[in-house]
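Okay, handing you the structure first.
A, B, C and D are the chain letters, set down in written order, and residue numbers restart from 1 in every chain.
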Amino acid sequence: MLKEEQAQAMLKAAREHAVQLGVRVNIAIVDGGAHLLAFNRMDGAMLGSIEVALKKARTAVLFPMPAEQFGEIIRHAELTGMEHTNGGLVAFAGGLPLHIDGRLLGAIGISGANAEQDKAIAEQAILQIMG
Amino acid sequence: MLKEEQAQAMLKAAREHAVQLGVRVNIAIVDGGAHLLAFNRMDGAMLGSIEVALKKARTAVLFPMPAEQFGEIIRHAELTGMEHTNGGLVAFAGGLPLHIDGRLLGAIGISGANAEQDKAIAEQAILQIMG
Amino acid sequence: MLKEEQAQAMLKAAREHAVQLGVRVNIAIVDGGAHLLAFNRMDGAMLGSIEVALKKARTAVLFPMPAEQFGEIIRHAELTGMEHTNGGLVAFAGGLPLHIDGRLLGAIGISGANAEQDKAIAEQAILQIMG
Amino acid sequence: MLKEEQAQAMLKAAREHAVQLGVRVNIAIVDGGAHLLAFNRMDGAMLGSIEVALKKARTAVLFPMPAEQFGEIIRHAELTGMEHTNGGLVAFAGGLPLHIDGRLLGAIGISGANAEQDKAIAEQAILQIMG
């Protein structure tokens, strides 16, 4: 199970990369049961992207792959209704699962910048732990 | 924070423009936290557009841009699931945020006429305050 | 069906009585189908009472009696689960139906002050129409 | 509006007091519009208390008073249905609003220990800012 200390390290790495990119985002980290571990909203991040960050992280645990990859599967396989399951999924870039030694430990969701930036920020947080 | 007096002035300006256009709409005004400030349904406005107006206003605070612009982003970037976040977003013309001196004070949502008319009515309300 | 003009007159009468009492409330008016007609939040009214006002009005149409009277019925008759029906009912003072010539035209919901004050404000609005 | 830096200082103060008490809690901080700013789950805190912490903070903004005081009002005044409004309120000790110079800036919600401990932890966080 992901630890508080690891979640804080992920938050910190994500925040630093957002500052480098000059964007303001919401950062959400969940454990392997998709339950919230840590969250931080940077000053000026859009209110609507709070829930988007939370749901990207949740989605990346429930369907453990990069969230945009899951979005492609939903659209290409015409999985009608899929995004309405589990209280609402968010399936575009910015959600990433954290696997260590083949075990799913948790996930991170980033929202507030554009999709590529959100994803790059999430990747930095994952690298921080995988490193 | 948007004041009651400003919200009433926005309602009045929106209503007058709707009368000029010969349409009957629902008018919703929210504060910078997306909480309802004022609402008015004109006689004959469709029942279904009550919630549409409320959600256009809410969407334009949560993602502070004209609602139809947000709709284009959702569609073009294939943001699968985005419109189902935050209790349901409405991302087409008729929702406008109100920025003064770079601060997001609130938003207005209009629904009941066609999209262009809804937007024109919202613009008159915003101009009333920006004026 | 309740008209826009009547709803506005009710709003105005409610607002004036709230000012007289020195309280700040949310005022919601719905038609005979429990659909929103008009709403106004006075500066300083609690955010949480927005939905309470809306639901008091809705409850007073769905179960057309003073909302606190419906609350007594729920509690005394042990109507387990009743308040969770219809999207959530609010059954305490401050919601009043509007009957004219035996027909249910709509209702008003007031929230933000104490229960007695909320009710007194709603009564003034009803009297305004009953004349 | 409550700033990220202040929210982090509140989190830190709350966490330190929880460590002193030897308890493991969830800590949630929201802004004056009841939108999430920061969250932290300590290792071992109960999963079910995640949402309780979030809703205590939300409740303490929507009805700006200590959450247990609001609970007393709900019970004593028989406000049937009140706790089901606003997406579900949590009205017992551990939620506190943050007022500075008479303005409601946000709130904190603590859950995971017993009610008195939750409240004491919330108080330390508020004092950190009021200081």
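Everything that follows uses one rule, which is that a residue touches a chain if its C-beta (ideal position, glycine included) is under 8 Å from a C-beta of that chain, and two chains touch if they have at least 3 such contacts.
The UniProt protein names, listed by chain, are A, B, C, D = Heme-binding protein.
Just so you know, these numbers come straight off a predicted model, no measurement behind them.
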(message) Suppose you list every residue number at the chain B (Heme-binding protein)-chain C (Heme-binding protein) interface; are over half of them used by both chains (same) or under half (different)?
(response) same
(request) Express in whole angstrom the distance between the two chain centres, defined as the mean CA positions of chain B (Heme-binding protein) and chain D (Heme-binding protein). (result) 32
(message) Can you compute the centre-to-centre distance for chain B (Heme-binding protein) and chain C (Heme-binding protein), using the mean CA position of each chain? Integer Å is fine.
(response) 25
(message) Distance between chain C (Heme-binding protein) and chain D (Heme-binding protein) based on Cα centroids, please, to the nearest Å.
(response) 30
(request) Could you check chain A (Heme-binding protein) for residues that touch two or more other chains and list them? (result) 47
(request) State which pairs of chains touch, listing all of them. (result) A-B, A-D, B-C, B-D, C-D
(message) Quick check: in the complex, which residue numbers of chain D (Heme-binding protein) touch chain B (Heme-binding protein)?
(response) 31-35
(request) Over in the complex, which chain A (Heme-binding protein) residues touch chain D (Heme-binding protein)? Could you list them? (result) 3-4, 7-8, 33, 35-43, 47, 50
(request) Spell out the part of chain B (Heme-binding protein) that touches chain A (Heme-binding protein) in their complex, as residue ranges. (result) 33-34, 59, 61-64, 77-82, 84-86, 89
(message) Show me the residue ranges of chain C (Heme-binding protein) that touch chain D (Heme-binding protein) in the complex, using the header's touch definition.
(response) 46-49, 51-52, 55, 59, 71, 74-75, 83-84, 88-92, 114-115
